[in-house]
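What follows is a pair of complexes built around subunit A, which joins subunit B in one and subunit C in the other.
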Partner chain A sequence: MSGTTLDDYTDRYAQRVHGMAQSEIRALFSVASRPEVVSLAGGNPYTAALPLGDVGEMFAEMLATDGAKALLYGPGQGDVALREAICMVMADSGIDLSSGASPDDVVVTVGAQQALDLLTRVFCDPGDVVIAEGPTYVGALGVFQAAQCQVVHVPVDDEGLIPEALEETLAVLAKAGKRPKFLYTVPTYQNPTGVTLTEARRERVLDICEAADLLVVEDDPYGALGFEGQPPRPLRARRRSGIFYVGTFSKTFAAGLRVGWVLAPPAVRDKIVLATEAAILCPSALAQGAVVRYLTAMPWREQVKTFRELYASRRDALLSALTDYMPAGMRWTKPGGGLFVWAELPEGLDSKAMLPRALQQRVAYVPGTGFYADGSGRGQMRLNFSFPPADRIREGVRRLADVISEQSALSQTFEGAAPRTDDA
Partner chain B sequence: MSGTTLDDYTDRYAQRVHGMAQSEIRALFSVASRPEVVSLAGGNPYTAALPLGDVGEMFAEMLATDGAKALLYGPGQGDVALREAICMVMADSGIDLSSGASPDDVVVTVGAQQALDLLTRVFCDPGDVVIAEGPTYVGALGVFQAAQCQVVHVPVDDEGLIPEALEETLAVLAKAGKRPKFLYTVPTYQNPTGVTLTEARRERVLDICEAADLLVVEDDPYGALGFEGQPPRPLRARRRSGIFYVGTFSKTFAAGLRVGWVLAPPAVRDKIVLATEAAILCPSALAQGAVVRYLTAMPWREQVKTFRELYASRRDALLSALTDYMPAGMRWTKPGGGLFVWAELPEGLDSKAMLPRALQQRVAYVPGTGFYADGSGRGQMRLNFSFPPADRIREGVRRLADVISEQSALSQTFEGAAPRTDDA
Partner chain C sequence: MTGEPAAALADARVLILAGGLSYERDVSLRSGRRIADALGELGVHAELADVDASLLSSLAKDPPEAVVFALHGAPGEDGSLRGVLELLGVPYVGPSATSARRAWDKPGAKTLLREAGLATPDWIALPRETFSDLGAAALLDRIAQRMGLPLVVKPSQGGSGLGVQRVTDAADLPAAMMAAFAYGDVALIERFVPGVDVAVSIVDLGEGPVALPAVEIAPKGGEYDYVARYNAGATTWHCPARLSDEVAARVAEVAVAAHTALNLGDLSRVDLMVAEDGTPWFLEANVAPGMTETSLLPHAARAAGIGLGQLLASLVERAIKRH
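Up next is the complex of A and B:
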């Protein structure tokens, strides 16, 4: 301990530490948050659209009338009042008592992120295989990496996860003697692509999972943020067993409260409660009380409508700016909800290599590589439309289009000189 | 998935699940929280002593002026304003710039519990050895069990961890070829015993750890709750390296916010940040903002003094009731701070076996077995004095004394018939 070096601890770490790498999104944040940069890189909801004064009054009232309890420890599973309210929220999307959803089966978590972490802790040993969409949520990749899991991607198209590709992947894994622990999927307004698994494919994917005896972790943070009516019902509304449903109030109320949940059958629920007690003892009583009040005493469905309309208009701003400014060869998704558009660069461009130039031109995005465990994604990028105002989005796309056009011209000049590494 | 049994998932769990067991404290909560029961079993601070109206106004003001940010995601490491305020708090106990403590080296966590979990995730592989006081904090045992660690206890006496016993344990482990990952210790007003590692022993324990190249995790939730002046300086104030200091606002402000921290050198800090991003993405911006405001705009040192005086008077109530009511053969600690007294039953009694009878007599405590990883503790119990008012404490001890006297009489009648299992 006396001979101080750069890292005295190198030979002391657990194995799992060696698989942990900083996510590309997190590394970006410091630069992207400078005021002169238009950041299409974030994933923040637009909390300024909340009635902040009313929310403040709600807290004041809660502390004045019920403060001693709101500032105490509570049960590891979460408060029963919140678990009941969560069942009411899930019923809106079709997950109700007839699907076997009860407050007893809900575990409150520190955002959906902790739900993913807990499920992974309960099911995955090092070396276990997890199947996920490619691309998928970067935070889920962080969980799987920390758990030393092997992530196998299944591609998506405009209709979501491709069932035939899932079947093929399962066959390859079976042949290799590997039994995947679960399919992790964001079926509705996916992060990062914005695409939604279609009605027909939902049943098909579930049938495939059932036939393969494959558990499903359904992550549904964006289901309430549909711009053109209700999305197809969640997977969990279609099957009672084999599916763990993960939800959050980060997009329907506030990410800063860190309140999410997982719905799990009793036996698994008990394991999840033990795992969360070891991890955090119990979720915040104050945050839980606030969500209960928001759901029972405030016009929260109106508020979600406000978010939907705002994001729909910003999505429109993003899509029309892309159409107006982007050079030929550029393609992108047209999401029906959520927070993100996924864009594919013209042949030969590399979103990761291009990022410093884009930041120099005062626009930020997330390179596609962050959303794959296997180094894919250099030809893609994620663009956020929930946080920047419409005029900033338009300006950001204009700057980005300039960078892409410039890089395209460069790339055509030196054609074939620098092949994209993930195409090898 | 169709053939539903009690637990369809048995053959799917990760290895670590098999080591997870419900803590005895948690299992108790439902019975112990009935109003007719005097619960000396809890560990709750007395949040009703907070100026709840003022705290509510503080939240209202924060949301009105800075609400959009307080409801957003933030950095995984925690907000810099809070990390600066944490350094101010640590400086009060002697951990300051001269000890190399800087806001850069602080990671904000979901209570101290998550700090313990993160440190364990970063350092411990399954099978690794962790040294801890015997008895020790039950929540730490939960973390170590979930991480599949082997816990080796070192006994404590009225002056805290016994240095000679630590040396002996290290020698035995070295002989067995085992290198322990760290010593987990609560040196000040320990949970569950209430004892404090003396000034002389602090240096001795640190010297032993240094000589053995053993890392130290110093958990200090109660250091600010000393009833007779300041406790000895924390271990981290005495050594710059090899010590991870864990703190929390659960006892100086509010447990329901779930805000704690860990102070770690840069290399380890980076690993901890990656681990926490995988676990929860980021701590609650709202809770962090509330703590910053509490520490900068409210008379928090006065408030801690209020807690100290209240708990001191309740400790006195507990100690005098024990003296007045308990039968011969019963012994207990006299804590100089914190929340707990540790009591030893008359020879032959079993705190775990006695609990149902105590609950029937409307008094609850935690059997000592919860605080050991090895089944010890049947002759001991933990008594809390921070939460119940003084007259309830006195009444609880009276009921408990009746149960103990009754069991003692029974035990003497059938002497030798039922030896305590941990004495074997």
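Up next is the complex of A and C:
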């Protein structure tokens, strides 16, 4: 009798599947979706702030006038009208024709997530090194892991990616004979930290990458969500070559439509189009049509302003609650935009181990470990402020502060309490 | 097995409680769906219900013929919801509120079974306050000295391997204590018995408790933690367990004895460690065993040639009759 794994396909999976597993964090999050729990764990934009009636009419009008096309296959690269509209959106942030951004070089993707997947497919073989901020976007880590890449983190501080640390990392890799495939970065209102790479550092980081002949994947989902004026111009607005710019309508319109894009020079663009056709044939014509109409017929800049103001007030609620309730020893970022605050726990506390306690107190967050490929991040957590209303955010922080204080006391109890091994 | 239980339940509405606010919510929802499907396949009208503020009024307004618990963790296993159903006069499958509460508290169950003459590894259960009052260093030092390593540290209540750690290095003991205390206020520290990890499902269809074939658990990573339990392929199960006939009989006997001593009625799952000398050591008993694709009871039932739906339908029928 040889036993069973209750999975008849165990011996047949591809190598890359072996690293994929359901963790207990996922189990705990199923509780976070209950209404009793204040969830600071999400990353959802607040789509209830959209004029849903108008959006509904827009869809109806699209189907009535253009339904046959909207319900058909389209070009793999994406609808040309949308690619033109995307160039209009990018021009707002400084990426325009003068920096070589043309609709021809845009590939429409199923959210920014697919753009990351395509770039990784096009550039990375198993075992290749990818450099990313530490911490970084969890979804990018998923892509790199599925592609069996080795992720090397470069730390960030309040001014974003630390250039000196990047230089050091590159030197160490060069010494080991490894040539990283690209730097993956979210320079503006980063997920999960909320920090923004400063003006001075942008140039410095680009110089370092250029000198090292390192490609850059610039992921910019939050650039339009600045609370205190315009953020520094994107990296792609500063250099024409060696940078792949990834954008999305998930935060400025609707995450559920899954429409994003990548801007790439022609040769790479062709490879990306072939890769996307192999993967999905073409992006959804219906979703693309909706975005085109949103960008041409609806007051979308006003809508983005509404999102900005709403998130700014919720960020303020989160920051003031943190100041009012959190015990000494806690530190957190003060983002100028985006959706997230990154908090550092008092010495000795473990955000992953503490999560069940927090859920018992009806508050949820994401432990920092999810944002690192190497298991670090136990002392940190990500807090979202875009989805819960301000009063719920305040209540959630109050509950969380109680949990942290209680855990601090417990941690002090057990600090240095390991038995002497020789006696044991 | 009784014949054609589904026919007897042709007009019955069976409510399956799943979800709730416990850490095992996700597992519970999966168990609940599996139970609903298994009963549904036999034509039994089974509905899923979450445990929330609307439950009480819907139970009162439209009482089901019987309730099946797919709730893992409190309040499904700690007896509290069973108590409420008893109050409302709604029949349910499984042990009474009192018995469930007794099994739910692991140190309490161990005490009871040791008194009944069953082997269970030495343990000490301590609330967090004891460590702050007496000093954790001195206390852990003494515990490690007296009980020896390795030790298993777990929350005194709860399941799915959440918060459970095997400690082989004394330096890891404080962190294991912290992890267990994240799930509850009392931690159980138990001597680790090396051997074969088995789970024995017990069912009583009216003729006394019967042990289904023991399932042997061999996690590929060595530890039967949450990841090993709920990721298909992460664990190898052997059913029946690779034990000699003599030891297998002894394991079944001890599991039935534990089930009986704890008065667990319709069904339970008894977790044991079979030491190298063949002694089955009682670890814990579960009153709402998991029913997911990778759970142990459905596996054992299949090995015994019993369909899960058939088994559940018989238990539902019995619960209704008992009422």
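As a convention for this text, the second predicted complex is superposed on the first by the 402 of 424 C-alpha atoms of A that agree within 3 Å, B and C clash if a C-alpha of one lies under 4 Å from a C-alpha of the other, contacts with A are read in each partner's own complex, and residues count from 1 in each chain.
In the analysis below, contacts are C-beta pairs under 8 Å (C-beta built on N, C-alpha and C of every residue); 3 or more make two chains touch, one makes a residue touch a chain.
Note that the coordinates shown come from a computational prediction; the quantities given were computed from them, not determined experimentally.
Colleague: Per the contact definition in the header, classify A:343: touching subunit B only (first), subunit C only (second), both, or neither.
Modeller: A:343 contacts neither subunit B nor subunit C.
Colleague: Could you tell me if A:312 is touching subunit B, subunit C, both of them or neither one (first, second, both, neither)?
Modeller: neither
Colleague: Between subunit B (first) and subunit C (second), which, if any, makes contact with A:284: first, second, both or neither?
Modeller: In the superposition, A:284 touches subunit B alone.
Colleague: Just subunit B (first), just subunit C (second), both, or neither: which does A:53 touch?
Modeller: first
Colleague: Which holds for A:355: it touches subunit B only (first), subunit C only (second), both, or neither?
Modeller: second
Colleague: Contact-wise, after the overlay, does A:31 reach subunit B, subunit C, both or neither (first, second, both, neither)?
Modeller: Once the two structures are laid over each other on A, A:31 reaches subunit C alone.
Colleague: Among the partners subunit B and subunit C, which is in contact with a greater number of residues of subunit A?
Modeller: After superposition, B is the partner touching more of subunit A.
Colleague: On subunit A, what residues does subunit B touch that subunit C touches as well?
Modeller: Subunit A residues touching both partners: 1-2, 4, 6-7, 9-10, 13, 21-23, 26.
Colleague: In their shared complex, at which residues does subunit C touch subunit A?
Modeller: Interface residues on the subunit C side: 21-27, 29, 52, 128, 131-132, 135-137, 139-141, 143-145, 148-149, 160, 162-163, 169-175, 177-179, 181-183, 216, 218, 225-227, 230-240, 242, 293-294, 299.
Colleague: Give the list of subunit A residues in touch with subunit C in this complex.
Modeller: Within the complex, subunit A contacts subunit C at residues 1-7, 9-10, 13, 21-24, 26-28, 30-31, 34, 36-37, 350, 353-357, 359, 407, 409-411, 413-421, 423-424.
Colleague: Can you name the residues of subunit B that touch subunit A in the complex?
Modeller: 1-2, 4, 6-10, 12-17, 20-23, 26, 29, 43-45, 47-48, 50, 52-53, 55-57, 59-64, 67-76, 110-111, 113-114, 117, 121-125, 128, 139, 142-143, 145-146, 181, 210, 213, 215, 241-242, 250, 253-258, 265, 267-268, 271, 274-275, 277-287
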